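Okay, so chain A shows up in both of these, paired with chain B first and chain C after.
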Partner chain A sequence: MEIRPILSALMRSKVSMILIGLQVALTLAIVCNALFIIGQRMDRMNRPSGMNEADTFTFGSNGFGQGYDAQAVLRSDLALLRQLPGVADATNTNTTPLSQGGWNSPINLQPRQKSATANTAFYMVDSHALGAFGLRLVAGRNFKDEEVMPMDQGDRIQPSAVIVTKPLAETLFPDSDAVGKQVYLGEDSPPSTIVGVVERMQQPWIDSSTIEYSTLIPAFMPYGNYSRYLVRTEPGRRDEVMKAVEQKLAEANSGRIIGRMRSMEQTRADAYAGDRAMAIILGTVIVALLLVTALGIVGMASFWVAQRTRQIGTRRALGATKGDILRYFQTENFVITTIGLLVGGVLAYALSLWLMQAYQAPRLPWYYVPVGFACLWLLGQLAVLGPALRASRVPPAVATRSV
Partner chain B sequence: MLKMTHLQKVYRTHLIETHALRDFSIHVREGEFVAVTGPSGSGKTTFLNIAGLLEEFTGGEYQLDGVDVHGLNDDQRSRLRNEKLGFIFQGFNLIPDLNLFDNVDVPLRYRGYGAAERKKRIEDALGRVGLASRMKHYPSELSGGQQQRVAIARALAGSPRLLLADEPTGNLDSLMARGVMELLEEINRQGTTIVMVTHDPELAARAHRNVHVIDGQVTDFDSEPALRAGSRESGIGNRESVQAAPVSP
Partner chain C sequence: MLTYYLQLGLRSLKRNPILTALMVVGIALGIAASMTTLTVLHLMGSNPIPWKSDKLHYVQLDNWSPDEPYSEDGRPPDQVTYRDAVALMEAGKADKQTVMFKLSLPIQPENRDLKPFQALGRVTYADFFAMFEPRFKYGHAWNRDQDASHARVVVLGKDMNEKLFGGQDSVGKSVRMDGIDYTIVGVLDEWKLRFRYYDLTNGAFVDPDEFFMPFTTAVDLKRRASGNNSCWKSPGEGWDAFLGSDCVWIQMWAQLDSPARLAEYKAFLDSYVSEQKKLGRFPRPLNNRLLDVTEWMEDQRVVSRDVEVQTGLAFAFLVVCLVNTIGLLLAKFTRKAGEIGLRRALGASRRDVFTQFLIESGVVGLSGGFLGLLLTGLGLVAVRALYSEYRTVAQLDWMMVLTTIVLAIVAALLAGLYPTWRACRVQPAAQLKV
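And now, the complex of A and B:
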């Protein structure tokens, strides 16, 4: 390949080379980092909540009027829900994963411990929680009905039995089986016994740094007259059951309003709306940059081919084959792109370093840049192919015909 | 060396047909220096382009150095141009972004020579045209006459059998033109066949033989070997008379 004379010819038209090279450099730097950020957002969005999201929905019941007995309504609602056609299981719960709201509390191995062993989210549920959420029990047992105690807002949380997630169990008891062990959930509370371990159940907050640490508390606990339910339906019947539930529960008790009826899929979409928007914006930026770079290369190469028509004809007259001319422009593009990519590689790592310092972003994995090299080399070659083919079709007679 | 018989070239555009060459026959022998003259538009460049395999012809026959050119594909024609022919253009056609060394290198790279061989040939060729000391200069730093010398060096570097020149002095003043002409004569003396298109009768007269083209046809074709000696004599005579002209008031 005649890289040396191509390079020296390019050095004589530095401005255009610098323009295209810089464009390639910026594209590499931005695309690498943007792709990495998109990848991180996708990883974040793809974290499993641990629960069945496809067939579940939540809703609230808000009682009004005098003599409204929230505890009684809660139980009768659950009984009604569980016998509705299409309902697989149902539980009361104060919150769900992905809902962004709930309770967070220290969980300790000793009473009155100065610094917490771990922080956990609480889910106040009854003995149907495993079935309703679709959680996987990996050790111990489910709650017994008699362990589920009525609770009021402001009551101390002192259940006799709790179920914890596996990551929490392993943090609390790294060296032994957590089942049967005692933990302390409040300042002066009596200990609670871990009766079961579920594989996974995320905390309600997607930004939590301890998102895998959750604890199930067996309790019937309305907030005043408000209570919340989670229903799992038979596969594919969620939307139909949602409508039926709204209607049946309203009919069953006219002293309250059924509201905030939401599928878990909707809840997830809302929770990650920001991440999704970021991924879409960055994706658009990537596509736009690649397009602009490709068009820039096409434009510049077309201009050069037009400008050098006589030179191409002369080269043909001096013995260049069509293939030689094609390769000339391909090599020229390769040289410019490579120079741009070398600069862009440095820029990519510099941008990553800046993102790390300014936004505590993780470091760009090293392989993004070489993969970016390969992609932009390919992009450059595809972009230059049209103009290069046009150049190869310049007839040799141009050498004598155009003066 | 170059033999065309009943050659035809028709340019077809959507509106008109131009018969640029009709029944064009010429025979150039090895070692000759032939000048092709004729009015503008008569077909001189067309002839040279076909001779140089830059264009195809539409009828007749053409043999270049014993090779029947008809039916060669594009790559074979490129190869033949590279190996057997040297081109000199009216506009020099140097590549402005390459220095003299790299300009002369262009056809040698297409030939596929190694670096050492190319270097030797480039230095030789630039030496022959008297520009060995300016190899790192760019064309724009040279006068027109010097640029045409570089183009001649580029044409010579591959040791062609036949040198084709289309009005090589057309863009030069008379002093530079004379220098270029003298260089071509010397190259011819050293054995390279030259076909040169020119409209300058003074230069044409210095060739061994003149071929006059009018309307795509050879009208004054003294190709008989017997006449060649006489033709050369008359050429020299012409030159003398022309040279004498400025002296007499």
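And now, the complex of A and C:
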């Protein structure tokens, strides 16, 4: 296929060529960057929390009035929850992963350290936490019942034993086993001993830069008259147990308010609602953009075919096959698209650079642009196929007719 | 003549329905995408209290650790400690001032048919109402004497009054909260805040406060705030230690009615912190800030980065749609070279041809604009579904409707300009040869 006649034909309709090229260029730049942002959001949303999210739910209880004994209610609630049919395990906890609210504190190797060794989230739980959250213990042991101390808000955090996540253990003690080692949770507190290590448990904040650093503290700790529970049910029975729990706990004590039962799946959906929305909105823009560009190519190619019907007829009359005509329009599209893509590649990196500067976004990985090239080449060829086939069916006799 | 051109335009558009539809839908999609995102961006960034946003100032003091700054970029903490809040309130150096925090309390309705429920309210001083100007439906705010006397009074939000008293005038009645009775002194009317700008620390896009209670009264309850609390060192054991600690959990606003008052207050804050330094507090360099409402919104990034990026990409998409329309109009008008040549030969001036084709582009733009407006409505419904907390800012107002239509027409005329210019350069003679 000789390219020169195509180029000289293109030179005669420079503006149309520039318009299609510009459209392709902008499309490539936007699609690459938007896809990259979507990819980042998906990666974020796919990070495992480390806990069983399918069969768990959480809720709060708020006591009111004088003489409400939050400690006693906490114990009796836990006893009640654990013997309900369908409940696999239950614990008290101040918060859960993905909940976006919790307690963050330094964790140190020395008392009165000036800058923290690491920052960790606290989960104030009892000895059933591993079972209730569905955490995987990879070293050491679970809390013993006698290690779980009653605590009140405002009390100093000074547990004798703690369980930490594996990433936190590795940061604190990079060269040795963390189990049995001592850490300091407050400047005037006595040391706490790491008794166990769980594989993973995210902090409650999805935007935390240290999301893998969590610490379990054995404590019965209501927040004033408020306490929170996490329940794991037998597989598939979550929704049914949620209803039963709501009713049973309200019956057990009328001097309090049982908050809304919230499944961990719902908690995850709420936490990542913004990321999901961003991905969906950008996805919609990408689809609309590709559609508009494809339709633009179809429109322009149809116009060219119509404009050149006589010339096509002449070529056919002079011996060009249908395939020659088809290939002519396909090559023409390829040339225009390629020019557009070359400009678009530069634009894509420029846009990425701007996003990096204005929003501290990471750099667009190099392979997005070549993949974008391939996709838009394909899109261009598909879009031009219809008009090109129509062109190839122009009969040679057209050449002899006057317009 | 214009109506004739309009008819010509419509007829020409009808002749190529697919091409016309492509152009209209193209513009509509571009308009809808950019207007949906622009609306959210515009309302998120809109000034919530334009008549006095430059007088209300958010008070920040830097009481953070000597070893590390509160924030990497050197911004002071976004809240103040209890002892500084109380000291600054007692000094009373601003024209009006208030401190506040968020508190969740159980409400025990007198009406036995209603189950007790948990309510989120705001604990603050009397000046709050004069500063942020919510309208009262019944009664009025409590006064400064009641602040001083730790009065057990409460102002209810409209919804709470609806729930407890069926919307009746409840002033003078009492409401039991966590076992204590409070006398209702006022009930707010509907307070249409797009976002809760007076407490950005605990989230701008949240449900409105359900009740308001004097700060002094609430502190007696010894209940921790439901909002954010940050400490750089352990507060120590118990409630009194917590109140005396360097933990920040209270928001403070000062109303300063003139730039001179602002400068005076800034000087007062600096001298207050210098005094405190002598007592061994405030180990960091002097870093007090008084940002006004819009500066504070900027600082706290009320307009999310995601919405900014979406708006940018949506406008880039609009540009692609316009380029697309230019191409299609160009193709269309070029095919009409013969017709144009004929009209020119019959005496039409370039100006006539220009008007005729610009009107045709205008029709495309207007149709695209209206379709775009409909799609913008749908787009905002989608945004409200995707971001439930943005329901107050994903709303079309007449300004945005107007902007949409103007944008659509300007866009289509811009797109039509070059093809039209090309069309009227057609040489009659060249087209009339057979």
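Simple rule for what comes next: the second predicted complex is superposed on the first by the 402 of 403 C-alpha atoms of A that agree within 3 Å, B and C clash if a C-alpha of one lies under 4 Å from a C-alpha of the other, contacts with A are read in each partner's own complex, and residues count from 1 in each chain.
Methods note: a residue touches a chain if its C-beta (ideal position, glycine included) is under 8 Å from a C-beta of that chain, and two chains touch if they have at least 3 such contacts.
Bear in mind the structure is a predicted one, so any value in this text is a computation, not a measurement.
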Under the superposition described at the top, does placing chain B and chain C together on chain A give a clash or a fit? fit
Does chain B (first) or chain C (second) touch A:155, or do both, or does neither? second
Degrees between the directions from chain A toward chain B and toward chain C, using C-alpha centres, nearest 10: 90
Regarding the shared-chain residue A:306, is it in contact with chain B (first), chain C (second), both, or neither? second
After lining up the shared chain so the two structures overlap, which partner does A:274 touch, if you call chain B first and chain C second: first, second, both or neither? second
Given the superposition on chain A, which partner contacts more residues in chain A: chain B or chain C? C
Should A:315 be classified as contacting the first partner (chain B), the second (chain C), both, or neither? first
Once chain A of both complexes is superposed, is A:365 in touch with chain B (first), chain C (second), both, or neither? neither
If you stack the two complexes on chain A, which partner ends up touching A:396: first (chain B), second (chain C), both, or neither? first
Determine, under the contact definition given at the top, whether A:37 touches first (chain B), second (chain C), both, or neither. second
Just how close are chain B and chain C at their nearest CA atoms in the overlay, in Å? 8
Okay, in this complex, where on chain A does chain B touch? 2, 5, 8-10, 12-13, 310-311, 314-324, 395-397, 399-401, 403
List the residues on chain B that touch chain A in their complex, please. 45, 48-49, 52-55, 74-75, 78-79, 81-83, 87, 89-91, 93, 95-99, 102, 105-107, 109-111, 138, 154, 158, 166
In their complex, what parts of chain C are in touch with chain A? 19, 22, 26, 29-30, 33, 37, 67-68, 104, 106, 108, 115-118, 178-179, 223-224, 233-239, 241-242, 304-306, 308-310, 313-314, 316-317, 319-321, 323-324, 326-328, 330-332, 334-335, 383, 386-388, 418, 422, 434
Complex contacts: residues of chain A adjacent to chain C: 15-16, 19-20, 22-23, 26-27, 29-30, 33-34, 37, 62-66, 114-115, 153-156, 186-189, 223-225, 256-257, 259, 273-274, 276-278, 280-282, 285, 288-289, 292-293, 295-296, 299-300, 303, 306-307, 355, 359, 402
